[in-house]
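Multiple structures follow.
Next, two complexes with chain A in common: one pairs it with chain B, the other with chain C.
What follows is the complex of A and B.
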């Protein structure tokens, strides 16, 4: 937008020159609209900054595959293992998701070639588009497949996280799958329904302090072209956004709205949580439970002192691995979901609530999100920080070929986090449980059940999870 | 006094009470069973990607000797918080002696790249009672109470 086209804040709020300010545009309290701050707006409005970041991640992604396929097979000396499973995985859990929700999705390189082909251009949409543009099958909607993907990661984690070739092939496979799905289905089918990291980011994006929301819904109802929906890579209609789980922060809706009626808000943490769900879909509840189960298993395998468990998780195809897989799936598919369902059912019975059990499970599963996010962060403190010296090392010798490009190849320094990491982990689990408890309380109040009997069994479930996590991390 | 002001005072009281309890949990000394320090020797076999035994329990003040024997490839051992390290070639035994003067639970790790799961080859040294764990359990319990009881409607 050039100077002559600039409109004042009042005009922007009112939707056009001469209109009066409509109070409805301030419907969302405690929000700062970053898109309407002059220093930030150009960075979001132009596609160039996002493209440059995407180009950088795409280049890094291709190099990661190359390093995985052709570099040293010793994981701790290979860029692919260290940058994917130590640096990126840590950054995702400690920075991208807690502070930016699905911000990684907005620069993720995996769906880019398919998306460029779909839209017939890289920066701008072309006139000629490619692909069958089919709708994603209704039966496969929701986050069931993402949960399945995350369970697969867990089953093969010990090998995936340590084998350079396998990491490269998995990345290549995801790249190919995303491309094929872009050619067959409309929009970002891979990101919305398949990508396990998308599921992980999406579910915890509800806790994050950013959101894309419509400013005044009345303006949207009179706008027949729905350019925001037409341009959204994810196929979302911003007016219908109930939470931030699905929005990949591509910013196309902000760029394409002719009324400048969409905001990129900074908001209080967890603004999406504590709403009473009318939905009876259990996919998100299941995903939240899989995240809890996976956090427990990852902590036991990678941080625990049980060598037999590590060997079993690593020896893919062996009898110990089959037993490990059986235990892992039983924990995630049976034990944890059953205990959670039992807790919700008990709460419903105890409080004489008239809500259907499926709806209550869907609603109460929100309580699990802060708990799960902070459990993953606490796990990461033990998992990644003691291995940060590897990052410095592979920067100088990314392929493990004996190079020393920056003079840091032989770095042995590693932050000694042992003194404070345990205290930090206890604190993180406390914050997660405090937050979960306050959401349970909010839900109980909104369900007109101020005696909290409805919430108590769910809170007992959360407490038991926290204590087990505590034992795995600092016990 | 207005109902809202009264509610605010109740909330403040709850937070003060919870903070007091939290401070008590953090700083209250836990009685320690006085034991005479003894010499303890552990023979640890290290193989991909496990120590056996993987959990060592000693009392504070004990003089601990670890005899590390690698059975397949070269393995090492360093203990978090103790600034100690040793390395064993296959079939050879390396010794490490120290006084367990820090109480708590400490991980020990392999220091020589020994295969895919090397970064996760971990054992545990338990020195006396793990007070952090018990205090942590009480603190997460208090955090739960604070979430339910200490926030506004």
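What follows is the complex of A and C.
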């Protein structure tokens, strides 16, 4: 019997006895270190479970591209449209991000060929990194490009979400871009700075109940090799992690730490939120605002009753589409950011805060995250769940060629959410709004000069957004 | 290192499977005759030309790549079938006569819906090219593109029933099928007006007699058949009531924009004819209408139906068109 089997479960989750699990490691409150639970640890410590998932998603990804290129052009009968825009997109918003943060990033197939080439192996890492390994340009750091990518998705969404060939070419393009960037730049440059889904997952990962964190920072300061940093595909140094936005949960730091000083924690939802930002970088604030604006536009285009708007969004290159694009960009680049900046400025003036406006905007943008996440979930309830029968259908006939492999090709059953979707959506948005309010309160308390007046205009902004979103979804 | 190679093999096998399964299926599928339907603007039927031998069954798998289409073969008894997006519809055709058959879309899929046509060439050892019989409007030397307008029109819709109730004799030469097909209603009205024994009748009563003659040249069955054909093939442009206000009418009437593609609404198209307009209809003979149906309207967007309708169907349709002007049913 080894030592890990001698300690009790309570000792394990609280960092009980043993030479590798020490009480001092339970540094953060309200955390359960999953990595130090014996039943879970082997799944994370071994690269094989994660690798097998990655290999499966890679094969599925290649199949998806093939289906998009050569299968039926009818989106509802093509694996690429249904699995990318209905099944995966729904799973991402309803499961992966809310429960696992950037958990999808840990098995995402897009960067894998580049990463494996870069590190000279799939499981074993070669002694020499392949490629130029250049540092990512400082000017391009942050999530600006990811915001731009998400805006591009919004501009072309109506066509992208229905056109099988276009979906396949986009996936192929992302695949190629990630590969090229892996050859030119070090580590996961594509995932960190380009991938719009990475940006989406990243900011909402702050709300998620999982995190990778150093247990005892004192141990790290005395460790000169920094094996965690050396092995991190994302180029992160775990000691410096303040939130989970950038961590792709690759788990390499846990595997490589010689002191077993890194935890994979289960934590309360939204633990990263409510900290007063010292940074004046506005990239994450902008990304959060783009997410709100995109949720509004997606709801209007895909759920709203306006056929003209739907047609305009679909007719790429036409005058109506140009007007749609202009309105979409104006909303996201001007209207929403201006109103939010005005709200934060008003709060600062009202409370006589001495924080600089940029810093205040960066801090207050955290308030937008719970609401944004729940707005996307509420949108998904209406948009994707009624189409779930297509998932069963394309499993049996993935290319729309009239197959019925599993006998589910003619499935018509879908979750009937019509009876309670309105109540569900209102409830979800209310949960998001109240959660955002609690973050605003937390920020107000933690400010150098606690004052609730600072939070009120931001909350008013959230309230207006919620009302508009509700009108679009159930109005 | 052994684990690394194992991992590489796993990746290679899974990726190979991801490619091999659909590629194999693709190859198997390429052996089948799958016909893809798309709106005419984006390609129509693919393939659009098929060949088969007389008596040999032609198995077709039909699918749509965009919206719901219909599939039917012109001048045959094959009932139309729907072609659903992303689904396969199996059809087996057998032809007992050689010739060139036209298959076409039976659903109003777009303003260019009628352009969704393809051909099936049926060949056989004893293929005999039957001499083409010219349509009646050619035999009569009618210029079906010439402007025409009736100088006299009835005050109300002429009624065959009222015409019959008059109890007068209509000269036999006006009741023949040849006369009916080659004369317009106005011409018959004028001929009847000049008959001395009908001089006591009012102009409207002469119109009722004229309707009676038109009724005597058709049957209830033909009118029903014509109505069905009209609803399926004509109402999209000419409208359910024949007023030229079908769902595509406005698109056909819009000013031409952009470059010539042959597919744009408004390009070489005009507003569909209003069958309820007596000035236009009463000056056209059945042969004139039949010619328009068979040949189409040059530069108007009116399709040609010659390869689609049988002779009987065409005359049934012509007979139905008169119901927009006359009360022919009892």
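Going forward, the second predicted complex is superposed on the first by the 446 of 475 C-alpha atoms of A that agree within 3 Å, B and C clash if a C-alpha of one lies under 4 Å from a C-alpha of the other, contacts with A are read in each partner's own complex, and residues count from 1 in each chain.
One rule holds for everything that comes next: a residue touches a chain if its C-beta (ideal position, glycine included) is under 8 Å from a C-beta of that chain, and two chains touch if they have at least 3 such contacts.
Keep in mind that what you see is a predicted model, and the values were worked out from it rather than measured.
Participant: Quick check for you: in the superposed arrangement, does A:209 touch first (chain B), second (chain C), both or neither?
Facilitator: A:209: touches no partner chain.
Participant: Between chain C and chain B, which one touches more residues of chain A when both complexes sit on the common chain A?
Facilitator: B
Participant: Give one of first, second, both or neither to describe whether A:426 is in contact with chain B, with chain C, with both, or with none.
Facilitator: first
Participant: Quick one: is A:320 in contact with chain B, with chain C, with both, or with neither? Answer first, second, both or neither.
Facilitator: The answer is neither, since A:320 touches no partner chain.
Participant: Does chain B (first) or chain C (second) touch A:305, or do both, or does neither?
Facilitator: It touches chain B, and chain C stays clear.
Participant: With both complexes superposed on chain A, which partner does A:131 reach: first (chain B), second (chain C), both or neither?
Facilitator: neither
Participant: For A:74, using the defined touch cut-off, is the partner it touches chain B, chain C, both, or neither? Pick first, second, both or neither.
Facilitator: both
Participant: Once the shared chain is lined up, is A:148 touching chain B (first), chain C (second), both, or neither of them?
Facilitator: neither
Participant: Would you sort A:235 into first (chain B), second (chain C), both or neither based on which partner it touches?
Facilitator: Neither partner.
Participant: Considering only touches as defined above, state whether A:459 meets chain B (first), chain C (second), both or neither.
Facilitator: Touch partner of A:459: chain B, not chain C.
Participant: Do any residues of chain A touch both chain B and chain C, and if so, which are they?
Facilitator: Touching chain B in the first complex and chain C in the second, residues 74, 76-77 of chain A appear in both lists.
Participant: Residues of chain C touching chain A in their complex?
Facilitator: 1, 3-4, 7-8, 10-11, 14-15, 17-19, 21-23, 25-26, 29, 34, 38, 61, 63-66, 85-88
Participant: State the interface residues of chain A toward chain C in the complex, per the touch definition above.
Facilitator: For this pair, the touching residues of chain A are 48, 51-52, 55-56, 58-60, 62-63, 66-67, 70-74, 76-78, 121-124, 398-403.
Participant: Going by the contact rule set out above, which residues of chain A touch chain B in the complex?
Facilitator: 74-77, 158-159, 162-163, 301-308, 310-311, 314, 386-387, 390, 416, 418-419, 422-423, 426, 429-431, 433-438, 440-441, 445, 452, 455, 459, 462-463, 466-467, 470-471, 474-475
Participant: Residues of chain B touching chain A in their complex?
Facilitator: 47-52, 54-55, 80-81, 104-107, 109, 113, 116-124, 130, 132-133, 135-137, 139-148, 151, 153
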